[in-house]
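By letter and in written order, the chains are A, B, C and D; residue numbering begins at 1 in each of them.
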Amino acid sequence: MTDTLNKENKLLEVLKEEFKLLSGKVKRSRRVEVVIENEQIIPILLFAKERLNYIHFSHMSCVDWIEEGKFEVIYILWSPEEKINLLIKTKVAREGEDLPNIDFIWRQANTYEREIREMYGLPFDGLVGREEFILEDWDEIPPMRRDFITNEYVSETYFEREGREDAKDVREQILGRTDEKLPDFAKKYSRD
Amino acid sequence: MSFFNLKGILSPVTALKQFGKKPHTVGFPEVSIEASDRYRGLHFNDLDACIGCGNCSTICMNNAIDMIQLDGIEGEKGDSGLRPRVDNGRCCWCALCVEVCPTGSLNLTKEYNFVSTDASDFLWTPGLSNKDKKDKISFVSDKETSLTEYTRVPMRELDGMERIKSFAEAVLGYNEEEARREASRCISCSLCTESCPDHMHIPEYINAIASGNDADALRIIYDNNPLPEMCGKVCTRRCEDVCAISVRGEAVAIRWLKRYATETAKNADIIKEIVNPEIREANGLNVSVIGAGPSGLTVAYYLALRGYNVTIYEAKAKAGGMTYYGIPKYRLPEESLEKQVGYIQSIGVKINFNTRVGKDISFNEIYEKSDAVFMGVGYEKPWTLGITGEDLEGSLQAVTYLDAINSGKEINIGDKVAVIGGGNVAIDAARVARRKGADVTIVYRRRIEDMPADWEEIEGAEDEGVHIMQQGIPLEIVGKNGKVTGLKIAHAEMIPDPNGGRPRPKQIEGSEEILEMTAVIGAIGQEGDYSFLPEEIMKQLKIERGRFVVNEGGQTNLSKIFAGGDSVNKTADAISAIADGFRAVKAIDKFLNK
Amino acid sequence: MREKSTTLYIGPQHPGITGNMMVKLQVEGDTVVKAETHVGYLHRGFEKLMERRNWLQSFTIVCRICVPEPDPNEENYARAVEEIEGREVPERAKYIRVMTLELARIASYLLWYGGQAGSAGLYTMPQWSVGDRNYILDLFEDLTGGRIYHMYIWPGGVRRDLPKGFKDKALKTMDYLEKRIDEYDKLLFENSIFQKRAKGVGIIDKNKAIEWGVVGAPLRGCGIKSDVRIDDPYEVYDKLDFEVPAMEGGDVWTRALIRRFEIRQSINIVRQTLEKMPGGEFYNKIPNPMKWKIPAGDAYVKTESARGEFAYYVVSDGTNKPRRVHVKGPAYVHGVTLLENLLVGENISDVSFIMNSLGTCPPEIER
Amino acid sequence: MAYDNNSQKIVDYIQNFARKHSLFVLAYGTGCGAIEIPPTMTSRYDAERFGIRGAATPRQADVLLITGYLATKTLKRVIRTYEQMQDPKYVIAFGSCTINGGMYWDSYNTINMLDKYIPVDVYINGCMPRPEAVISGFVKLQDEIQAGRADGWKKYQDNLEEYRANQKKIIKNWTMPDFNW
């Protein structure tokens, strides 16, 4: 298998030479992943686009790692010649930090950035565009953040049809029929 | 392109040739198209086949399915008595509920027209509101496509011919990967807990194992069972009989999972470290327990945790009662019991070994110095076969035989042995005799499928080369010079019971034959031996058909005396004894803290 | 003299709009000088909902992301989960998947025929093509149990095997459709009204196309051979015989020609899969879905849908629920930046025509 | 001229008969259910034979189809559209999500119960409802109209305040003109 991953490994070599990568690996054929500091974002994107011909900006995504207090932002590029998807990952603090705006490199990045700004509340330095992209009059915490609990918000905001209050839980039904006492520490393993 | 493009104008006109063709328009409402044979329409639930496990309600991410009580459907063991109700204002017709239904009772139909002016109409009970739609069922999930895993992770065992060479444990137990895989088959419906006499928290500890938390599993298990490793090896596991998955497949191996969880703690200290029980301050009350069998140990363990001063009087040299002396070591190794008993002793339970009540210490002495007495004395006196020749040398009872082997004594049985009976004890005796090198035949009055023994035990015996003679009625033990030389039997045919009971064996005339034997082991049952009780207590105590009469807490008519185990309940297995003990603990605690 | 500029809102309630979205136009006379896409009318927060649902429950939700063509979503999700978990898919399931995807492509193109012609005012075409699309949906109903939402391709394979007699029925439908497409040609492609409307309208610059993020038929309509099925082959596309068309031009007309070519090709692929389909298992069963955990990791998977590249970025944190499922449909670029660019300089009456040719489908922009 | 009871009945009958056979449906695909509208309208199912036709603008339409879930952003437009429609007007709700939230019951951006915001005359269940179900929904609506029971629009006028309170709970920035007749 290794010889089929030649071009992927080569790409990784080139990037390693040029940038200080925090990590980098070939995920599988046609997928290469590198992790970098967020100051390096613009240089590496420009390098990939202009020098390596990764001219297609496929995707940009954000993942909330709330336990670490970080957002992970992923830029995914595609080279029509090499036919490789290059995943460039970086992490940024959930509060107080921002990422550089890249919509001068690729115009469509503007859409992704506006969405991430709206859904995660992650600011992009120098991003121009309507504040409201998908939501309207949203005044809660940005909804895609993991600390936004959607079902709680729903039960406060919207209605639920009545008539279902007589529903029973099977576990409780069985517990009620016997003299079994479920200790508290075991309850988290019950079916939810 | 020229301005005037004749082809461009005329081509579309060719559409006119469709004129007069039969339209493919659907007539409505006269002829409505029937949905396909796999259409995912409205639900249909076979209310009789449904066991109310609630798995449909759990998988539904739309919260569309509620479990509700319906008129005329009562819960029983293996049936929660609840049935799903669907909110079609939530249902997305994905049919995941069908895919996970372990019994296959919930299906989707071809019906899809559901139009109403009233939004509350969309809350309905499948199978009740659409009784007549059974023939419209379209989307079903059979055993092959269902997401319920019907096949159990196989248990690794020693090979049959390897097993008979020694008393090494035959079942090897799950390793971690197998246990996780098996545990993840469980759908956590909790129907099993009702049928367990001790009501162990089965879904919880299985879930703990599945999520990789063995320590929590052990803690949950020790919540109401102080001898879980013993149960994990030899329990009669009624829980698995009612497992929701067993309706269409193999039940979750609850017993083996419990065994896995308990075996992660290698010795008594580790158990203590993991379970880390809260032991209450001593309250100065004394409780005596007669017999260190499962019920006695249970009472002792949980009362000791509650701060009582507990002393056990055990006639024999080892604790465990029947589980030590009646169960062969290849099923329950000695170390395993010693580990568990060691843990029970480590929290402050005193066991006086080799102290037979009525001989080494009088019952009255115990009775006087204790605030409560628990009798977990069991059934040790075997029944005899009641046929001629039982006084011959080589005719013996299974319990006596097992007791002797487990105590390290040898009994000469020769090389051709008949075991009479079809219960677990018979199989145990047969397999032990096999390990002693004999050629063993089990003689049973009915058919193999009628045997009360576990099917795994029967299979294990067959693997080891034990012959099973079904429909054989023992008539006489034949002997010469005071020694057994053979067993006279008659063959039987099965007569269906006119009252609908199980078929009875009837002797076929003239089918008698004599099998050559060097020993005959009877294994048809035991009874209690209450000779240790003083006469005046015996007079007062209520005993019916050889069993103490007790209330639900195990209290006899003498309020200070409690009893449990085989000498109280008819099921006569270890887990019932533990359950008796657990109930008695609560009753004793309540009785003494009035 | 410079004409006064007016603001014009097309949508969300407008018969010509493709789905529930809005385009805010700045017009001078009837020429668009600035366009701005407004979306969010269909936002359901899928990606948030998937954080609350376990891996199998999320599977039922992904097909709702794109209504005309749900299968690429199911395919992407299934493939992403399989990639992270390392789950093998039986060969037969791969063929069934490809067949399903191609059927979905045909259905989607038939709907596009209707939409494209309808927005040019040719109302016979939708009557035909949308009517004929029902035959594909009938096939889907037989195969999957649902007309629109199939929920059929799931992690580990497909949900059910082909039903009895499916092959014959499918082949018959393909034959029928092939004949019908010849008639569509007469009705639409040879129609001078359509030709005049379509040629030279909504031209995408070939040199900028890749950089702008154009994918799918619009990109191939600029003369660039680009197709995920060839570039990043998945399932069994590398074992099938088909050709990726590319034509210079970049206008609505070229895009229409590309689709006309591809619908025939899809019919051909369906036939090939039905012929080559091996026997055996169709499903590598997943464990109990409530306790099914996927090891930590991420996967970026792509599928060629009728409108272009559909991509999923899926992240697992090792629990029984996805950490993040990010969906990027072709319309995410086509419907926002590309549309905003293309509409400038066009006539108002061509707005919905161009939107149809790009296949802007708002539910995949906002999800 | 004062009608007696009987002639009022006859007039109602004729009115309702006319209304039920010319249902102009507003072309507004609010949710995913819109995908089954083209098949319903085209040759296979041909809804036009029931007098069901499309209408381009709210003021010409009789029936508002709510084809599935409503995002809060759409809800605002739907209310605006509904209020622009001429009386008598009818609302048909498609799919599970209009009844009790459907599969988006826990989504922060979709409403759960449509009838709390605008009156609904007929619900068609399904996810998605087939064209046959859609047509039978229309037939049901026609029956309701003929029987004079499809009076959601009256209910809206009578209980405007209640509806408005529910609507304003969700639509925070109320920039629409007030509803007047």
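Just so it is clear, a residue touches a chain if its C-beta (ideal position, glycine included) is under 8 Å from a C-beta of that chain, and two chains touch if they have at least 3 such contacts.
Just so it is clear, the structure is predicted and the values come from calculations on it, not from any experiment.
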Open item on the list: Of the pairs A-D and B-D, which shows more C-beta pairs in contact?
Closed with: B-D
Open item on the list: Report the inter-centroid distance (CA atoms only) between chain A and chain D in whole Å.
Closed with: 39
Open item on the list: How many angstrom lie between the centres of chain B and chain D, each centre taken as the mean Cα position?
Closed with: 57
Task: Distance between chain centroids, defined by C-alpha means - chain A, chain C (Å) - done: 24
Task: Inter-centroid spacing, chain B versus chain A (mean Cα positions, whole Å) - done: 47
Open item on the list: Touching at least two other chains at once: which residues of chain D meet that condition?
Closed with: 43-44, 73, 99-101, 103, 105-109, 113, 127, 130
TODO: Give the residues of chain C that touch two or more other chains, as numbers and ranges in rising order.
DONE: 40, 43, 45, 48-49, 52, 60-61, 131, 149, 290
Task: In chain B, residues with contacts to at least two other chains - done: 24, 35, 58, 61, 87, 89, 92-93, 119, 187-188, 207, 211
Open item on the list: Graph shape for the chains shown, where an edge means the two chains touch. Line, ring, star, complete, or other?
Closed with: complete
Open item on the list: Taking the touch rule as given, give the residues of chain B at its contact with chain C in the complex, in rising order.
Closed with: 1, 5, 7-9, 11-12, 14-15, 24, 35-40, 58-59, 61, 92-96, 100, 108, 138-139, 145, 147-149, 181, 183-188, 207, 210-211
Open item on the list: List the residues on chain B that touch chain A in their complex, please.
Closed with: 52-54, 57-58, 66-69, 75, 80-82, 85, 87, 89, 119-120, 123, 187-191, 193-194, 199, 201, 203-205, 207-208, 211, 216, 219-220, 223-224, 583
Task: chain A residues within the chain B interface of the complex - done: 161, 163-164, 166-171, 173-175, 177-180, 182-183, 185-187, 189-192
Open item on the list: Please output the residues of chain C touching chain D within their complex, sorted ascending.
Closed with: 12-15, 19-20, 40-45, 48-49, 52, 60-61, 64, 67-68, 111, 114, 126-128, 130-131, 133-134, 137, 147-149, 363
Task: Touch list for chain C against partner chain A, complex - done: 36, 39-40, 43, 45, 47-49, 51-52, 83, 210-213, 224, 226, 231-232, 290, 299-300, 302, 309, 311, 313, 315, 323-324, 326, 328, 332-333, 336-338, 341, 366
